[in-house]
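The block underneath contains the structure these notes are about, expressed in structure tokens.
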Amino acid sequence: MESIIEKNEEIIENHYILNVRVKGRIPKITPGQFFMVRIEDREVFLRRPFTVYDQRGDLLSIMYKVRGRGTMVLSRMKKGQKLSILGPLGRGFHIGKRDFYLVIAGGIGIAGVHLLMKRIGKKAKLFYGTSSSLGVSLVKDLMDYEPVISTMDGSYGYRGDVVSSLREKIDGFLGKDLEVFACGPKEMYRSLKELLSKYGFACQILWEERMGCGMGLCFGCVVKTNDESDPEKRVCFEGPAFSLWEISL
Amino acid sequence: MESIIEKNEEIIENHYILNVRVKGRIPKITPGQFFMVRIEDREVFLRRPFTVYDQRGDLLSIMYKVRGRGTMVLSRMKKGQKLSILGPLGRGFHIGKRDFYLVIAGGIGIAGVHLLMKRIGKKAKLFYGTSSSLGVSLVKDLMDYEPVISTMDGSYGYRGDVVSSLREKIDGFLGKDLEVFACGPKEMYRSLKELLSKYGFACQILWEERMGCGMGLCFGCVVKTNDESDPEKRVCFEGPAFSLWEISL
Amino acid sequence: MGNISVELFGKKLRNPVMNASGTLGYGKEIERLWKISLLGAFVTKGLSVRPHHGNPQPRIWDLGYGMLNSIGLQNIGIKRFMEEYSQFFRRRRTPIIVNIFGFTEEEYFECARVIGHTSVVLAIEVNLSCPNVKQGGISFGKDPEVVRRIIRGIKSETDIPVIAKLSQEVKDIVEVAQAAYEGGVDGLTLINTIPGVVNDGGKFIRGGISGPFLKSFALKAVYECAKRLPIPIIGAGGIMNANDALDFFLAGAKAVQIGTATFVDPNTIPKVIKELKRRYKEGRWKRDL
Amino acid sequence: MGNISVELFGKKLRNPVMNASGTLGYGKEIERLWKISLLGAFVTKGLSVRPHHGNPQPRIWDLGYGMLNSIGLQNIGIKRFMEEYSQFFRRRRTPIIVNIFGFTEEEYFECARVIGHTSVVLAIEVNLSCPNVKQGGISFGKDPEVVRRIIRGIKSETDIPVIAKLSQEVKDIVEVAQAAYEGGVDGLTLINTIPGVVNDGGKFIRGGISGPFLKSFALKAVYECAKRLPIPIIGAGGIMNANDALDFFLAGAKAVQIGTATFVDPNTIPKVIKELKRRYKEGRWKRDL
């Protein structure tokens, strides 16, 4: 799909929100789905995957962190420039009919649950962890939902990682018909698994692997699961939403 | 050298004049010298050579025709964009102390003699050939010198090629201490050689070959000459100005 | 639009454009964008006798003008593929080329046996770039003698036409192609990825390079083999658009395969087919197919 | 700035950065931009016993992420080069590596003889990718046996250290490197251009591919040979900046050569040297040279 950049704004150092206006209709998006973005640069050949951060009508947003050449070049793009995007792709979060949700996001992982919160925020509690008070800006859009915020350096909210802050509060949510949604780095998933294994909650997470095609064609993005007949799942096709319990961490 | 585009204007279909402002001092330019231009595109790796069309202070111009991918991308560049250029390179026309000069240009070859005419115009007669009256716009800057213009379709000036128009007029120039300068396609040089061989005038031409480096490093641009000890000359280093009489045509 | 059908191994294909093995999943995935029946033929992922897990992450590196992969030939095994998917291609009336590999010569023969005889299969494409575990991991395709033996062995197991898929990392690709021909091969696919190494944060990882990088090498292989051998050649390597495809036809290829380009633009294959039809109709592409 | 000098063949070089053969003219041309004495060593254009005219035009194709050349080894002959240029390098206190080639094995030996013994020559670099006219034009470097013989022959003609420059288009580059080692070679340069073919308006032209295209292939060659052989390796192929150079050092190269990058930015070599010094000084590049 062709799109035109409306805005490409630095929120905090190295973290941007990009808004594009899409030509033509965007199909309905499930939170957790992503787009493959073509970045025009001599050194960037393959598209790069980004979760849908937000969507209103034909306006689509992603929030991204500059990590390498591709995101660096993307961060220099300006209003009015064209961007080829492909999506929505993958299987997003399956939102059932639970009474309540816990949403856990670490760092740039907030990009993966923003749209989800907009859909289920009233029935959800967001736990967001970042390294310092600077990172709080990434969640300012969701302040109405009164997120529990933790910072590694203690400069805002809880001191410590996001899973620790959840551990302290979790007793208050027991007994509810509850599901957990999470997006963050692998270490976060590891400690989340350790914590949640005591409670046996259902838990969906967004998994990341480097992608070649984003459409299930290349088997570049597979992750090992405990499905015995087909252990290797494509993050872009069978995911990126997986049950925390099926991934080999 | 870094430069900033001031103007990139289409003169007639597929023919452009590009003005850039150069950061830092431009060394003195001999007409016929060229620059190697880096074109930022996924499919253009090597620099492309362009003769200096004009120069005033730190303003440098080239006139170019869209031939392939590189010149096509160049034609889309806009005011304010950066352009890396390398030069001036090569050996331009050697302008001695003759009484009079004949300057012959075919098509986009006018780009190669424009600066020359500005330097020696008062002591020179310009013969310019193009396919139709449209091409006359390329020489409008030099109309003060009353060029002899020929068009292949006869829609302006002489009907026929530029060498034929010279043939008709040449008797008027005989007897003078005269040198010929020329820039155009290989067929033009062939008929020029045939015509001039009767008169034995000194004649310098600008030769073109595809270039790798533009600096004498790769031997990609060599042309065969009748120099017995070193027949193969690098167009970018020993040229692009050569004597018409030394090149194997 | 122009009729660009082509005859290959006695069967008529809609057009001379296929996907390259391993770059279009199991065939169903792309159907959210276009019908698989657009293809001249569908080439399967590399399949082996036993299912294969492939390599650990990461598996993909962007090289700027191409990519390096170390997928490691992950697949569900030939048997399961034939059971679960052949019906799909039959319904789509799309002939398939089954790409096979093995880690021993015997495994190649077994692959051919497992496929049996089924009308949906147009040909067997033998990926000879696989490491030979009995020979210290050097790939089968490097040794003309081994290539001749593998092809001969496969031919004795099956009536289905056999295509040898060769890699450029050999002493002389014509010599290897010649050996395959002597072994009775019916066609060639040129070329497979070329092995390269990337520095992944201090660790050097070996993989196969594909994409625009390959075109000039692939064109050389096609051009040189087409001059020498009287069997059809399928060109592959860095084809990004119809112009690239036409270069391969001009160099002597009878059909082409498009791989990595699909990752950059998943509509590359339909676009190339459309453009080839247009050029053919306008007489700008003369064929002798 | 950091001291990045390196010892090679018992001599100390200012730094481990050289030009690649055939990409810096005869050495004088670049001096309008930077002094040749910046280099760790200067590598000559390929030189032969007799002068050589090279190929007709065109000789250069832009491939988008690299180039193809068919210069055809044009040169003025070793004798004339040594007469006209060795004084220049001596004055600049810049050791030279003389790159030689031949069309027969005997011509290689003759080259070594013509060079004689002269203190400005650090080493002889043997371009083994040249076509062997007595063997139907297949390049010498493809056959380990031939490589062993040529190196042994050259070694018996000269006391100057001998470097074998290999191409990646072989069955197994480690095997060829091993043969050169058995022939007594003192070092390796990896890799030369890789042969490719371009369609030039309907005519297919064979040439050598260089530039970023090559990096991953070259890195593989360096990495695999460095693990197996106890002689210094000079890495070449697609080095565009200091990061690329560091990848080669990490893969086991003792020095690097920069070729095609100079065409895109003629200041690449001084920039890389400066950046390597900076990183070394900052402790971001640990060496064991």
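Order of writing sets the chain letters: A, B, C and D. Residues in each chain are counted from 1.
Assume contacts are C-beta pairs under 8 Å (C-beta built on N, C-alpha and C of every residue); 3 or more make two chains touch, one makes a residue touch a chain.
None of these values were measured; they are calculated from a predicted model.
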item	value
Lowest number of touching-chain links that must be crossed from chain B to chain C	2
Euclidean distance of C-alpha centroids - chain C vs chain D, Å	35
Centroid spacing, where centroids are CA-atom means, of chain A and chain D in whole angstrom	49
Numbers and ranges of chain D residues touching at least 2 other chains	63-66, 212
Per-residue overlap in chain B, given as positions that touch at least 2 other chains	42
Arrangement of touching chains [line / ring / star / complete / other]	ring
Touching pairs - complete list by chain label	A-B, A-C, B-D, C-D
Complex contacts: residues of chain A adjacent to chain C	38, 42-47, 70, 86, 209-223, 230-232, 237
List of chain A residues in touch with chain B within their complex	40-42
Contacting residues of chain C [partner chain A, same complex]	22-25, 29-30, 32-33, 45, 53-54, 57-67, 69, 71, 74, 76, 211-212, 262-266
Contact set on chain C toward chain D in their complex	63-66, 68, 138, 142-143, 168-172, 194-199, 202, 204, 206, 209, 212-213, 215-217, 219-220, 223-224, 247, 250-251
